[in-house]
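The structures come next, written out as structure tokens.
Below are two complexes that have chain A in common, paired first with chain B and then with chain C.
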Partner chain A sequence: MATQSQDIDSATGSQWLDKSTQETLVRIGRHGLLLVWSFIVLFPLYWLASMSLKPPGEANALPPDWIFLPTVYNYIQLAQDGAFLAAFANSVIMVGASVVLVLLIGVPAAYVLSRWDIPMERDVLVWILSSRMLPPIAVVIPFFVIFRELNLFDTRIGMVFMYVSINLSLVVWVMKAFFDGIPETLEEAARVDGATRFQGFRKVVLPAAKPGIFSVAIISFIFAWIELLFGLVLTNFNAVPVTLFVYSFIGSRSIEWGMLAAASTAMIIPVVIFLIAVNKYLAAGLSFGVVIKE
Partner chain B sequence: MNTQTQTETVNKDQPSFARLRNLWNDYLPYWFIAPMVLVMVMITFFPGAYDLYLSLIEEPTVNILNAEFVGLSNYETAFTRGGAIHSFVITITVVASALLLESFLGFFLAALVAGVESSRAKSFYRVLFIVPMAVAPVSLATIGRIMLNSEIGVIPYLIETVTPFAAPAFLSEIPLLTVILLDTWNWTPFMFIIFYAGLSSVPGTLIEASRVDGAPLWRRYVHVIIPYMKPVVFVAVLIRMIDLFRTFGVVYGLTQGGPGTATQLVSINIYEQMFINNSPGVATAIAVVYLVFVIAIANIVIAKVGFEGVWD
Partner chain C sequence: MASITLDDITKRFGEGGDSVVAVDDVSLEIEDGEFVIFVGPSGSGKSTLMRIVAGLETQTEGDIHIGDALVNQLGPRARDLAMVFQNYALYPNMTVEENMSFGLKMSTDLSKQEIKDQVTEAAEMMGIGNLLDNKPGELSGGQQQRVALGRAIVRDPNVFLMDEPLSNLDAKLRTTMRTEINRLQNDLDTTTLYVTHDQTEAMTMGDRLVVLNYGDLQQVGTPLECFYRPRNRFVAGFIGSPSMNFFEGDVEDASTLICDGFTYELSERMYSNVGDRAEVTIGARPEDIELHDDSIDTNGFEVVVDVVEPMGSISYVYIQPVDQSHEQTFVVEVDGQQPIAEGQRLYAHFPPEDVHLFDTKSGETIHQRKLDSDVEMLAGGQSQNASTSSSQL
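After this line comes the complex of A and B, so read on.
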């Protein structure tokens, strides 16, 4: 079957090349293009990382020092910079807490949307999606006003709430799709065995939905981790996230390029590891549950 | 009703813990969905209504609750002196071009990777190509400032030493294009990973059948493969479009909307009206228009392409 169709393929294609030459050319072209894009992806990251490992003064040398003795000087400087450590810790704590909270709020709600007949279910789902359509700048101004009244301005709690608001629609949509894919007979069997509805959810459905929860947690983490605007508007000292730290670096007059590169690298590395860990389920998460299997 | 009376009778002879447990299980869907509904109301209706209110009262206002309504005058200011129209044009330009570039590039890369024969090479490319998504837009702006800087940047340097062309001043001469290209670098992986999953879901027999017809490669994609994965294409484009309207960090970190107002997206215009000009009425007036605009476009797209077969 396969060889037959390939014969037809090459017969209708260019006839001046025999089949195997044509295939080799296609393969070379394909890998050539893929390598070009690989280079485009890697070069900026390589440049950032190498800059962070160069001694001060050499970071911006032109022509660039392609070969140099790497030094962790910039990272030591960074580790001694209280503002960076505080911002990094803030981000880890605030984003981490927001992921836990958004799962606690979103996963049970998605379960209900999947299992019960909700009136106007489609409208409810579009309404949930619409929270993602609201431009963050339009959302943040009212919260800027109200947070100052409620003493939530420049607090971690306020920022956690804002991070939850970014990701709630994603969690509900993706988890609803995952729950839809888990047969209801599983819980019914558990209920026949005397389990309550809640036990059926906790002991039967949740374990089966683990991959979905895992991927949606990581994607939520990333979307909150890279957020700048909320930090810019709603914090000024105590709850500054790491994105705002990097931004304030740019704003300052004399930029220490090496340290800036080190801070950016330190910010990117954990996310790269997360992404690679979850790459199998990434499509399911990013497509709001439309793609479930690869 | 029935469950309520049940819990009341149980109340008499059982400890309150058991009563609570019954209350929990009998009304489980309500407990489960209530927090989500509450948060959703707080992050959709509240900001929308509050923006609308602020945009209709006089500014600057000390006492927000007793302010005087000024009708549409803030809107008038926004669209005459506030540069709202200009920033809408800039935003639409960035969203449309980045969306096109990212869609085509993402699909092209997905198709290339899907055709790789060795499964190890395949997963290598698949993992490598998602890495740019790990870079926060503001970090990407940092990288852009470092690498594209006219004096110390490596890319202008390479262009001038390797090619016969003079390097453009990325941040001052072609800032809009630079923003679009940086966003493309950042978010093509998003399209790539969804399209790749979509392509993998196309059954092999369908591809075989189209091959037997003898159709050329591009027609196989346009007439067989893309129609089959239409829901996936639709949702990827819709979500990316929505997110593109949220763009802020990369532009703010790179140019802060400048030089002049060359890269002043609506979100940056609103930010500056609010926090630099201290003009909440004008800022929220633009915000209300922007909000309605984005929701309208998204809903038109949803209605045009249709929900059927996508989320059902």
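After this line comes the complex of A and C, so read on.
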């Protein structure tokens, strides 16, 4: 045994360090890497937030002013801007409604695909996914034509349908995998216990699937919330989403960096609120059900 | 409480030519309060048969009565059963108390207080009274098992169905829970169907065994009956551990059996049972075979010890005949204190009164071992479908 472990040590070439030093070095290296990564991820957010707190004119100064007197000037401007508030409210309503609707359609569909023997099940799944196989830019013109014909152009309800079509395949695919991971004996136990099939689904399976449902809800929310292209083409005035409003700060001659940053920072807030609200379900959900105990 | 009657139950999965017969024309009567074990290897159809009784699968053909009611058209919720699943199937988002009260809430009009009282009582009975507020994920395997049983007994159903309920437990806990389920069933006296592939559970728990293989009913009888009076080679090999040893042989001169590595002189009673069959299989249980240092009669033959497995009080010795053309070992149970070494040469001897004979082609038992008269009482009796060709010495 002794010779064996020596062999391994010499093979890794670390004989000149004792074990505890090695472990310390590994730990330092690991934390160092995490710090670098955190910096890479968080720096743009810092940049954005700090830019939103700078007075006009200083926002894009070069070299940047690292030390400045923060001001909420940009935010006050935003809060007094009716168009921004309308767009923000639009987005909250349209995206919120689309998440509810996509769950109402997608979760039962995923359950049926998971539990029933559907003819050509594989094909149905691929067909659902195919709605996301084309780049959005390729389908935006057909969407525009359809929306115009159906009088959905520049309506909130139209945008809700749009967001649902973006997220439906995600919800169905992820939730099907999630339901597949929930043992079928749960419903069978419920049925033997006196529940109908639907009661078994509602009272036993659905609560067990909560982590998955909240995960796809938050992902769907984010995808719809940050959507720009369809909003740009399919709205004009009434149903403008907040992303489009933020985009409007990029003018043809100048960019209002301070306002752009303030609006962008404000856009993050609903996502963060949503995340905090469902946080306790997320850890389980993002592992796609493997923590479900049989 | 209820009896269960199965009439010509057949279950086919799939359509037409691709269909698989999971249960093949099984008829069975289970009396009120009886503890019946469905036993067989995987794929034998034992679980499917239970799921048909539960209403979770629909039989392709045949009728099921629970009590006097024909339940063919009834779903599981209308059959008044409680089932314990192999993976327990506890509702993960509910507490133990909610798990146990779910069935009462769904299937009765009891008030909240009445439900609570019954759940508390059942929980005390199962020794899980202190776990009522826990979620299943926080419990150990044994505790989950108790909750699953508690969830079944609190319903006070007509029939208990248990689908391999102990197979996820470690060996020690399995023994404890086996005894506990036995006692519970005795106390409650509820008709119970129990599926297992574990032949220790089969032998120790049930009033009667239903032995299945490839969806076919092999034998229905008490555990001792199936052990001592197997209807065919499959039952003989499946019940008992380690399995019975089988030696296929050709009958020569009406009374001599030529096996690979040895010849066996049939006793008078044996060859009268053999009749004009040309191919006969000897069956001898490991505990019935004797090992001697010298040949004690013409039926002894020389063997060489291949492997010795000491179990403590007994040892399993794997041996093979010296003159064998195929390398094939068989197992003999010997006293744990008997010194036997690998490579040692001994003489194996099959006492004629302990040997079974089977028709090699059909597997039917043609000759049964001799039993003490008091055991004969236990093992004999009212075996359903008892083979007419099985003769008792």
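A few points about this structure:
Operating definition for what follows: the second predicted complex is superposed on the first by the 251 of 294 C-alpha atoms of A that agree within 3 Å, B and C clash if a C-alpha of one lies under 4 Å from a C-alpha of the other, contacts with A are read in each partner's own complex, and residues count from 1 in each chain.
Everything below uses one rule, namely that contacts are C-beta pairs under 8 Å (C-beta built on N, C-alpha and C of every residue); 3 or more make two chains touch, one makes a residue touch a chain.
As the structure is a prediction and not an experimental result, all values here were calculated from the model.
In the superposed model, A:Val204 makes contact with chain C only, not with chain B. In the superposition on chain A, contact of A:Leu186 is made with chain C only, not with chain B. Comparing chain C and chain B on the residues of chain A they touch gives the larger count to B. Of the two partner chains placed by the overlay, only chain B lies in contact with A:Asn279; chain C stays clear of it. Contacts of A:Ala195 after superposition on the shared chain: chain C is touched, whereas chain B is not. In the superposition on chain A, contact of A:Ser165 is made with chain B only, not with chain C. In the three-chain superposition model, chain A touches both chain B and chain C at residues 196, 293-294.
Interface residues of chain A, counted against chain B in their complex, comprise 1-2, 5-6, 8-9, 12-13, 27, 30-31, 33-34, 37-38, 40-42, 44-45, 47-48, 51, 60, 62-64, 104-106, 108-109, 111-113, 115-116, 122, 125-128, 130-139, 141-146, 164-165, 168, 172, 196-198, 201, 222, 225-229, 232-233, 243, 246-247, 249-250, 257, 260-261, 264, 267-268, 271-272, 274-276, 279, 282-284, 286-288, 290-291, 293-294. By the touch criterion given at the top, residues 54-56, 75-77, 81-83, 85-94, 102-103, 106-108, 136-137, 151, 155, 161 of chain C touch chain A in their complex. Residues 183, 185-186, 188-196, 199, 203-204, 207-208, 210, 292-294 of chain A are the ones that touch chain C when the two sit in their complex. Considering their complex, residues 21, 24-25, 28-29, 31-33, 35-37, 39-40, 42-44, 46-48, 50-51, 54, 64, 109, 112-113, 115-117, 121, 125-139, 141-143, 145-147, 152, 154, 157, 161, 185, 190, 193-194, 196-198, 200-201, 208, 211-212, 214, 216, 231-232, 235-236, 239, 242-243, 245-246, 248-249, 252-253, 266-267, 270-271, 274-275, 280, 283-284, 287-288, 290-291, 294-295, 298-299, 302, 307, 310-311 of chain B touch chain A.
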